[in-house]
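Chain nomenclature is as follows: A, B, C, D, E and F, assigned in order of appearance, with residue numbering initiated at 1 for each chain independently.
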């Protein structure tokens, strides 16, 4: 029932992207279950949904500047 | 003015994806218009926006496990 | 697994708000299950999550004009 | 710290898409900084995040009709 | 048809919150219309929807620290 | 730069809600920084934004049934 939408740039992940998502989904679901799910609800972690969204370097700006326009 | 963001895995749709979206958009707009739009606002269905978002099997986890890691 | 975020102005609902949400949640889950959930997945409707978000008349603008600034 | 998610159809942009995003990110960050960031927080524009999301013509419906089904 | 969800802390706005939203909605709709709406679509600004979301100081964290736990 | 929107029912949290958010924000930022932020970007955890959203028991439905209509 708790729900996390996580947005990040897949291109910036070093190593295996699927493995990174696997660990992230597991750790986030675990943290949500431990911290904010009522303990009397059976297995709290099973209730947690995590959704990942890829954001391109042209689609993310901080301070009005696209990430793709920043210096490396 | 009412707005629905609907997330699902396009890969799981059997048959014609565009036809599935066509029916879903129409039915959801109709349900929103009937249930939560004030009746004095002209044609309520015209006010409803529906946006679809494709989620990959690697981008959706329930209980900390990616959909792509589940058994079929 | 499919997920709908539905945003509307609760203040504009005539009659019983909870009953309106009850019908809307049921109809939207039903439409999603019929149209975009793979038929071999058991009871598709059980997989659908619907989340409602209240938007105030000061928090919604079309054409650059707040809803609360429009003529009735 | 303020955050804007902006959804539009990239296919409808005439001219250079990256340049359009560049201007939009800058102008939106500037408007947010001027209007809703507390003036005592250093450089307010630096705090603003803008994220763009591409929506396809099959993924956007108004009045229950997909954009791709409308007449031009 | 373009859509912006803008999240910020209403408590941090100095002066009149509704006036701040009024200006922000107008400027963002104007920027979106000028930059990313196809010019042959009539009055592009009328197509833009802007939705504001209030975020509390306990509901926003950067670097893992809640805004309400930061020094002023 | 990575961004997480986490939705849950604040009413279901046992104990101190702010402390629960504090731990959740810290753990999620830490997990995102370890798993999906490029290691050459300075202090990756500082780049992570986490936003919490409260969802009421009338505003969340699974399988077409509002949480507030379920048996305890």
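Heads up, the rule we're going with is that contacts are C-beta pairs under 8 Å (C-beta built on N, C-alpha and C of every residue); 3 or more make two chains touch, one makes a residue touch a chain.
Since this is a predicted model, take the numbers as computed values, not measurements.
Contact with both chain B and chain C is made by A, E.
The minimal number of chain-to-chain contact steps leading from chain A to chain F is 1.
A separation of 23 Å divides the Cα centre of chain A from that of chain E. If you average the Cα atoms of chain A and of chain D, the two centres end up 21 Å apart. The set of chain B residues that touch two or more partner chains comprises 1, 3, 7, 21, 27-28, 49, 51, 60, 62. The touch graph of the protein chains shown belongs to none of the named shapes. The chain pairs satisfying the stated touch condition come to A-B, A-C, A-D, A-F, B-C, B-D, B-E, C-E, C-F, D-E, D-F, E-F. The residues of chain A lying in touch with chain F in their complex are 1-9, 12-14, 20-21, 23-24, 27-28, 31-32, 34-39, 41, 60, 62, 67. Contacts from chain F toward chain C in the complex involve residues 7, 55, 58-66, 68-69.
Listing the residues of chain B that touch chain E in their complex gives 1, 3, 49, 51.
If you check the complex, the residues on chain E that touch chain C are 17-18, 21-22, 25-30, 43, 45-54.
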